[in-house]
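After this come two complexes, each holding chain A, first together with chain B and then together with chain C.
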Partner chain A sequence: MITVENLTVRFSGSTAVDTVSFTVAQGESFGLVGESGSGKSTILRTMVGLNRHWSGRIIINGMDARTTRQRDLARTAQMVFQDPYGSLHPRYTIGQQIAEPMLINGIADPVGRTAELLDLIGLGAKFQFRFPHELSGGQRQRVAIARALSLSPRILLLDEPTSALDVSIQAEILNLLNRLRRELGLTFVIVSHDLAVISYMCERLMVMRNAREVETLTREQLRASDVRDDYSRQLLAAS
Partner chain B sequence: MTGPLVEIENLRVAFRNDDGSWNDAVRGVSFSLGREKLGIVGESGSGKSLTGRSLLGVLPDYARISADRLRFDGIDLTTASPKLRRSLRGGRMGMILQDPKYSLNPVMNVGKQIIEAIRIGDRKLSGAEARRQAVTSLEAVQIRDPERVMGLYPHELSGGMGQRVMIAMMVVREPDLLIADEPTSALDVTVRTQVLSIMDELVTRRGMGLIFISHDLNLVSKFCDRVIVMYAGRIVETLDAKNLHAAQHPYTRGLLACLPSIDGSLEPLPTLTRDASWLEAAS
Partner chain C sequence: MTLLTEPAADPKAAIRAARWKEFRSFARRFFRNPLGVVGLFIVLVLIFVAAFAPWIATHDPYMPTLTARLAAPSAEWWFGADELGRDIYSRLVHGSRLTLLIVALVIVTSAPLGLIIGAVAGTRGGWIDAVFMRITDVFLAIPKLLLALAFVAALGPGIVNAALAITLTAWPPYARLARAEAMVVRNSDYVNAVRLAGASEFRIIVFHVIPMCLSSVIVRMTFDMAGIILTAAGLGFIGLGAQPPLPEWGAMISTGRKFIFDQWWVATVPGIAIFTVSLGFNLLGDALRDLLDPHLRQRK
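Let's turn to the complex of A and B:
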């Protein structure tokens, strides 16, 4: 479903991602773990076309990210950001935010589909006339997820989807994401600094440090503390 | 010193609603603190930060604060003059905030900021001596090459380093009480451990009282002696940190249960079902 080969991203002199490769199978959930500045978010942003200067190869559902039109990529892979306070337009109603990608892409019946999506994420269609400031953090993150799902993508790229939320709300969002993955057959790439979240959500994970891959583990290896690298061990001990 | 460092009885903080009525954000909180590490845990909006801020006296003017008793080291804070309270802040009470990116002055280098904090405390101190103290304080929080860091601006610091600078700045005045409001939630796990151990060492060595405000129950239980759990402006449970897992209140138990763990079950996580009776539970 996703192939990333020798991805390197440079920002004026510093290297944010250094020859990183991984693949994610259809329906799989893949985690990226590491400290801030290790390049994990940059990988996600590059995959959806938010960085222009990169080298290597990114194939998403058979499409080369370099040559495919942004619009076609957007219909396959969508991103959910960390901060639900920053990622919603403050002066658009919830309904408008969710319908916007559908209007851009000329999808039929955006209004009806918005109501469907709001039901799907457990808020209900009555929320479509509210503004973001009337919603709690957890509700906003649900809206961001509904918006990401509005183009019926096959892949969700989740950048720290719960780290701005309370632990009680985190549980609700993680459960929601797992349900959606099962019901809609989605593929996930999840970035998090929280190994417990990754272990709960992902079948495989890659530990990153200083822009490079440290090692790639399966959930079973993580759970058995079967790690080869000292840094992963350190990370495991700190969590 | 005799008697507790901090005594709070029936603290209430309220804000006005749009229609002019008062909405209680903190509803009758009482606790006392000795020279120990006390954790306050709760979700956002539970009133934990407001409680810490009422002690310091840094709530906005439009908040209505009342308490039967609000004492710091024998000083009655409810009747203390603004001047006295100002002299307590920084000198005898310090506060560490969540995000060093927003709480340090972006256009002043680190050294100047720490020296400023020192010289407000002791205006007779010479510049050279203040500088020496600032460097020592950075060494105390295990910053390598403090001379270089003194000349850096906040945007040149990493999160962990910024947080350590904040701690240095607060601890250099040797306050009796340190209020840390989510001091590590903006930090990576590996850095978090480091920052916590620095705080732990400073608090223990200098015999400070610490109020550690956090939403992370597990972290707090590892780090503190006692934990207060707040829900909707009230204390629902007070626990010895080591007995956290024997918590009785359904809210505390719910908070513990909803955390995923590395080797935990893959079944859907239990979520909190909030009971209206929790709002009225005795504090």
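Let's turn to the complex of A and C:
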């Protein structure tokens, strides 16, 4: 479903991602873990085309990310951002924001589908006429998920989807995401610095440090503390 | 509330209701600021007077009455009469139309122009940004009144030309303002989200970046209106704005200057009018800035 080969991203002098490779199978949930600045968010942003300057190969559902038009990519992979307070436009109602990607891509009946999506993520259609500032952080993150799902993508890239939320809301959002993955057959790539979140959500994970891959583990290895690298062990001990 | 619980019935009406609710809460916060209300009142009075000038004026503003030349304020001539015996009060009332006309002409041309140039430059960045902003710098480097003077001198004096001349010098600050906002907004996650959905640059700029620039531009606009009134009056005063016999306030002060020691009201009354209206726009602008300015709002 997703193949990343030798991805390198440089920002004016510094290297944010250094020859990283991984693959994600269809329906799988893959985690990227590491301290802040280790380049995990940059990988996600590069995969959806928010970074221009990168080298290597990214194949998403058979499409080369470098040559595919943004619109074709949009129908396959969507992203949920870290900060729910910064990812919704303050001037538009919730319904308008969820409908916007459908309007851009000419999908039929955006209004009806917006109501369906709001029901799907557990807010209810009545929320579509609210403005973002009337919603809590958890509700906003649900809206951001609904917007990401509006084009019926098969892949969802989640950039620290719960780190801006308090603990009780975190669990709700994670359960919502797990339910959506089951019901819609989605493939996830989740970025987090929280090993607990990753081990709850992901079957496989990659530990990153200083823009490089440290090692790739399965959930079972993680739970059994079966790690080879010292850095992974530290990370595990810290959580 | 019924609208919020029955959404599917009429989405347009529900969105209108949601916007109306936003507007009401905005109005409530606005009315907590007494000075802002005073400013709004002055501006509304100006608009009202301009709209109903023929009914509010007591005399024909162009009709000389030779027996009343330079008459002092009285029951017949409320604010006195000028050197041709024209009623100053009626000329003031009709002059409000010219003032509003100039302000409106300048605002509807300069604010959108600056907004679009700034938003495009800030969103696109790169060489487009460099080219647009250097053009803006060039216009900012020319003294305001000098450029207006040269423009009026080339095209001939008159209200529309004066407004055009002021526009030419008024748009660069809007461009800078909009660019600064756009540079913040273009990298925000809500713009990234629509970018991921495949939105065109045009759509991003028009529907997602410009709405975020609007509040600072509106605030700047209200402040600018006072400046525009003063510049227009200045051009009228030196004889390059409205031409006689038009009752433009700056031109009225200019003719009254000759009599300022003996018949002070001829120059003073239009001066007070300019002062009051400028103050009104400034008070309104201050109050709006307190509510709209994103930088002030974040600090709270």
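Please note the rule applied: the second predicted complex is superposed on the first by the 239 of 239 C-alpha atoms of A that agree within 3 Å, B and C clash if a C-alpha of one lies under 4 Å from a C-alpha of the other, contacts with A are read in each partner's own complex, and residues count from 1 in each chain.
Keep this in mind: contacts are C-beta pairs under 8 Å (C-beta built on N, C-alpha and C of every residue); 3 or more make two chains touch, one makes a residue touch a chain.
Everything numeric in this text was worked out from a predicted model, so none of it was measured.
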Fit or clash - chain C, chain B, common chain A: fit
Touch check for A:Leu88: first (chain B), second (chain C), both, or neither? second
Output check: A:Gln234 vs chain B and chain C. Expected answer is one of first, second, both, neither. What do you get? first
Contacts for A:Val167 in the overlay, against chain B (first) and chain C (second): which applies, first, second, both or neither? first
Per-residue touch tally on chain A - higher for chain B or for chain C: C
Closest pair of CA atoms, one in chain B and one in chain C, after superposing: how far apart in Å? 9
Listed in rising order, chain A residues that touch chain B in their complex are 35-37, 137, 166-172, 174-175, 178-179, 193-197, 199-201, 222-223, 234-236, 238-239
Touching residues (chain side chain C, partner chain A) in the complex: 3-5, 7-8, 11, 14-15, 17-18, 22, 188-199, 203, 208, 211-212
For the complex, give me every residue of chain B touching chain A. 43-44, 158-159, 188-193, 215-217, 254-255, 258-264, 266, 268-272
If you look only at chain A, which of its residues touch chain C in the complex? 48-50, 69-71, 73-74, 78-79, 81-83, 86-91, 93, 95-97, 100-101, 104-105, 111, 115, 125-126, 128-131, 144, 147-148, 150-151
